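Next come two complexes, and both contain subunit A; in the first it sits with subunit B, in the second with subunit C.
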Partner chain A sequence: MSPDPDVTEVTENGRRRIDWRETLFSFQSFFGLIAVFVAAIVFSPRRNGEILFLTSDNLFNVVRAVSEIGIIAIGMTFVILVGGIDLSVGAVLGLSAVGSAVLLVHDDLGVFPAVLIVLAVGLVFGLLQGMASALFGIQAFIVTLAGLQIARGLARIWSDGQGVAIAYGDGPNEAPVTFSLLGERTFGGVVPIPALIFAGLAVLAILFLRTSAFARHLYAVGGNEKAARLSGVPVNRVKIIVFGISGLLAALAGIVHAGQLNQGSPNDGAGYELDAIAAVVIGGTALTGGRGSVVGTVTGALLLGVLNNILALNNIDANVQLLIKGLVIVAAAALQRLRPSS
Partner chain B sequence: MNRPWKGIFDVKRTIAFTACLMLAVTACGTTSQNSGKGPATQAKCEGTGGKYVIGMSQANVAEPYRQRMDDDIRTAAAKVPQFEVKFADAAQDNAKQVSDVENFLTQQINLLIISPNEATPLTAVVKKAYDKGIPVLVLDRKVDGDAYTSFIGADNRDIGRQAGKYVAEKLLPNGGKLVELKGLPGSTPAQERSEGFHETLGTKVQVVATGVGDWLREKGQQQLDAILKANAEVDVVYSHNDPMAEGAYLAAKAAGRESKIKFIGIDALPIPSGGVKAVEQGRISATFTYPTGGKEAIAAAKTLLVDCKQVEKKQTLPTQLITKENAERVYREANG
Partner chain C sequence: MANDAPRLVRMTGIGKRYGGVLACQDVDFDIRAGEVHALLGENGAGKSTLMKILSGDITDYSGEIAVEGAPARFGGPVDAQRAGIAMIHQELDLVPGLSIAENLYLGREPRTRIGTVDGRQMRVWTQALLRRIGIDLDPRRPVGELRVGEQQLVTIARALSLDAKVLIMDEPTSALSTAEVEQLFAVIDELRREDAGIVYISHRMDEIGRVADRATVLRNGRIVEEFDARSMTAEQAAEAMVGRPVRTLFRASHGEAGEELLRVEDLTVHPRRVRSGRNEPAGISLTVRRGEIVGLAGLLGAGRTELLETLYGAGSAGRWDGRVLLDGVDVRPRGPRAALAKGIAFVPEDRRISGLVLEHSVLANTVVSIVDKLRTAGLVVSRRAEQANAAESAKRLRVKLSSLADPVGTLSGGNQQKVVFGRMLLTKPKLLLLDEPTRGVDINAKAEIYQLLGEIAGQGIGVLLASSELAELIGVCDRVVVLRGGRNVRELRTSEIGEADLLAATMGETAAGGAR
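Moving on, here comes the complex of A and B:
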């Protein structure tokens, strides 16, 4: 059962393998999403004949609610595709939320420089983790577990351990009003900005994975690292870059988080890494690397969002909700095992 | 080099597919709720004949105090036949709590009760509910601004003052040595329970040591372990909550000094593991109630929805001293 790099959708002669089973499984999460969506319609509470789940307000709430997890899950997909894992993303999100708030409020920076600095911090943090993992050969799990602690510590230091509230205005210690856009809705006050950012980023990431030479290297490293190395793929560089991407996107999610909640708090994003990993797994990306897609991850994130929403709309007990979500993740992983391995 | 993924069809297909995916989840919402776009209206009030759905958004039900708050609401609401209460738990996540309230709005609740995880992040969504004409009762922790109907909560500074007075007048009228065990640094209750206490403690009582227990039983125990080693004489331990006082008691017991020290706590939850029982069973000498406001919230909801009357913008809940004399009765009445 050694992983075969060729299972990544492509055969030696460059043609798409037409295997209906493979096709079915590669759309597994999509069918899952449809199933959950239909179930949500069926079980949705109704008011005067109106299906509450299907109201546009509610559907946009769903996408808004998953946008942060979705953004970090996209970064996580890159890392997992090379066979790694990034446990630091939730903490980096917290660090970036704190950074955004402190830079905008305490340091009175403009939106552009503040965002740029925060993104740079996330990128560098990710790259450093990638270097530690690739150059010293430490497992990604260990490096990013340490990274999680370090990012939390930095967030507490940067904020003096307190949540930093973001007030808007032109005065000192007030953030520019532009930043509050992240908490707003556009197109007639309907479409939440974070949902647009998530959607735009998803398209970019999907195109990037489908068209860039880097993506080809990435699948090669994840499929069979030794073979990739022998065929001249810069394995270490690929690994470092995917961690950089993950850190960068976690920072972006942190900025969105601060904008949505008007606050940066050092405890923000606790446990988000697990939700992101769940979205990736439900999306059909193999934790062993080499196989998977951002389309799957986006579908997985939306599936989790719809599931959360319909459980909440039906007032399922919070503790029972945890059980159901856990079972869905196990079911998705179990389906993966049935997938033809070559 | 073969790069089938570079095919133009793939790019097009990808964009189309992603767009479909996003749209599938959003744009097929055929109906739009515009009912909330108008100006804030009066609370729906149909008197005793109406039926009302109340949404209760809890910050973190894993804390016993907040579990008790939910239970108090459940018990009180069960006595009002017109009420149905739905509960949501944010598990200490601000973002989750925002979604919880949004989901309540989708369900078109008639009244919102919220105990916010933190003030600023929840302010916007609470305002959104309030602007839709839904009465909002805020419990225990506040939100910014005044876009809510009523705040119901206890006064931590006043509780601190009463604890200080109790120590100065009842426990150590001739002075003595005191240890203060503080809650999580930076949290408002820890600050206010300390400041109020020192306002009324006077000068006769000497504070020999201050420990930080982060509200936790095990940390209270660790702190007292060390403090008792360093101080041969301690008369009273003032702890910012009951669990830390229980931890301090365990430390004193391990040192064989539990009978020489009096332990004061705060919260007095009337649950089996709470402070009222600890006083009744003699581990803690006294504790002060920090009411959850659950019962009062349902009373306010009844005033607004069933009696069609207004409620005060702020309702401060009084504290009660619990000692060996009244512990058993208070516990029974709170659970009766």
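Moving on, here comes the complex of A and C:
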């Protein structure tokens, strides 16, 4: 700062001097991921000297498991950035998984129309939740809690409460073989297709949040809704669209889910919303809105995925797994509080 | 008169360092019994730091504090309170849902023999305290129902209930109407008679002359001058605070006003849901011409804010009667976005709550209103255009900052306000609505904002400015419209009147009769 109060100083590129502490914290989840990854290698069971965690089969499993939660978590990041929350995503995933199966198997639709219908259902479901929240001023928590029940109910009605197995073939009550691609790998059998979808979406979302006018508005709404409104930001529109995005991505995750498991059950995705929220929180996005990134969320989702995997590889009791996951989330949130300057 | 009174508090050689910044340096400060000691300085001069040290909020400092002659070192605010020092914060720390009595004795409620809270005792004590400072409120009323001014008085009563001998008041009048300020001053006079010592922090020169005995000016963490507050002039004080002669505080005249820009005809709002504490327009007529600055005067509750919000499309939803014409065209903005598109801009009353996203950068806060017009192709915003607009705006408004990427919350109040102004000016408005644009802004920034208003008007923008600072209304505006009870009751040309006339007009006959 200049001692002369009359001098206006504006650095041309507007970049702030980098504070190492801040840098450290902004990569917090990334360091966490590395730590968990290293721990996974160290604690991995071995067979014939081979580290089981690092086998391509196992890594494939990790990435595949991460993809579904990751796709949902990207949508969740948008919602949380505006200061909302979407509890319905797990149920929408179930709705769309069962919907895909029913449309492909019972209704004998082609892959393209089936996917399109399911995505539309997710999108509309999300938009409706957004409208209920924005236009009637109901808290997102309440709206999407109701949405969770409604989506679950719809899923059971759509499938008569039954899981629907997907058999592939050209005959009646068989799904087109193309749909089974979702369960396959590409690039020499290393990269699962769902991971490719997840990565593509993540890149799109990161670019979108960095460059678009909509994202500027979204961050402003999350940071201070009243100020955003008075600044001429179309607050309601932003909120509605954000819930639409979340619903759309949850539906996409449901399609992936059906493709990977070759079936759809109305109970699929139960509790996924909590994993998605955990990924967002571990990734450093503030639940109060206005601060956070998809990069963080992707890291958070990977961290959770690796953690889940290593616990399972070591045959840790499922209940203890839950306990450890809970502690990791609390630790991540506590670290956020130590962050300087915010 | 108070100079030989015993010293209640004596601070000697106080120093405090934040990283590389010396917030206080070798400061000597004392408070005598029965004295109001004003503490002046620009934002960042060290007033708050010094008072936080005295009230126990800051515990690592150098120097000494003596309370009534005995050395003291506080480990926290509770220690300071025990020693009889209480701070009345700018942000009122009351629990809205609890009654006045419950707030006063929160955490130390009197008990009956069987251990339940003794509500009757609490009310009796509260009543006595309220009476002592001359206010008449029912101790059972929830604090949330009180007006801001009354809440302020309740916080003073709470300090007294702690047996405070020294009260620190930080900008106590910033949210008060003229009548409430008078009531506060009466309370302060009463406290002075009871030999309390009061530290009074304020940006308003007129108040200091009225209420204080002594004034100490801080600049860059050091004491630069001490005045007899009663004989000190505003220019002297301003010069000491800024460290050089201050340009005339108010704007130079800005030429002739042009043709009519805004015409409000008998505007009445019938809100769909009536909210308590809101005073909707109930038959307001006024005009603003291009290049003209029109003031809105009135007591708290006269409906100034509500009128501005209504014109901006941010008021209560509901039916309108009457008409609002902008450039002869009927307008009724559905919301702020629509208002901005029509050329109506608004700077709200509380920049921290309704103006800014404090943790976001200056850049983001400056361009948020125009960001969707800075798109290159499709969805993508041009970063270069954002930079250029924000830098240009910061330069034009002389915002003091080290980088556009700094969080706007780290700027001083005046500079924050300039960011809000800059954002609105980037939308190229025809009409600028301002609600208390200089509240909580230091004197230098205030002068700059007045100058800026002159420039804005000079460009042919019409300005409608609501303020409870009479000197500001008279100094800045061409005309002042006085509101009372949601209607316009008088219109005055500022060249012909003084503050006393304006005060009388805002209070009106009925209010004048009610005031003591």
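We adopt the following convention: the second predicted complex is superposed on the first by the 324 of 342 C-alpha atoms of A that agree within 3 Å, B and C clash if a C-alpha of one lies under 4 Å from a C-alpha of the other, contacts with A are read in each partner's own complex, and residues count from 1 in each chain.
The rule is simple: a residue touches a chain if its C-beta (ideal position, glycine included) is under 8 Å from a C-beta of that chain, and two chains touch if they have at least 3 such contacts.
If you're wondering where the values come from, they're calculated on a predicted model, not measured in any experiment.
By the touch criterion defined above, A:T285 reaches neither subunit B nor subunit C.
When both complexes are overlaid on chain A, the residue A:S88 reaches neither subunit B nor subunit C.
Judged by the touch definition given at the top, the superposed model places A:Q28 against neither subunit B nor subunit C. Annotation for subunit A, partner touching more residues between subunit B and subunit C: B. Shared-chain residue A:T297: touches no atom of subunit B or subunit C. Judged by the touch definition given at the top, the superposed model places A:R216 against both subunit B and subunit C. Of the two partner chains, neither subunit B nor subunit C is touched by A:S100. In the superposition on chain A, A:T77 makes contact with neither subunit B nor subunit C. Using the contact criterion defined above for the overlaid structures, shared-chain residue A:L52 touches subunit B, although it does not reach subunit C. Common to the subunit B and subunit C contact sets on subunit A are residues 9-10, 13-16, 211, 216. Put simply, subunit A touches subunit B in their complex at residues 9-10, 13-16, 30, 33, 37, 45, 47, 50-63, 65, 68, 161-163, 165-166, 183, 190-191, 195, 199, 202-203, 206-207, 210-211, 215-216, 257, 260-263, 265, 267-268, 270-271, 295, 298-299, 302, 305-306, 308-309, 312-313, 315, 317-318. For subunit C in complex with subunit A, the touching residues are 242, 312, 314, 335-337, 339-341, 346, 348, 353-361, 363-364, 367-369, 371-372, 374-375, 379-381, 387, 390-391, 394-395, 398-407, 423, 427, 444. Touching subunit C in their complex are the following residues of subunit A: 1, 5-17, 208, 211-214, 216-217, 219-220, 223-224, 226-234, 290-291, 341-342. On subunit B, the positions that touch subunit A within their shared complex are 2-6, 10-11, 14-15, 17-19, 21-22, 24-33, 61, 86-89, 91-95, 98-100, 102-103, 105-108, 118-121, 123-124, 144, 185-186.
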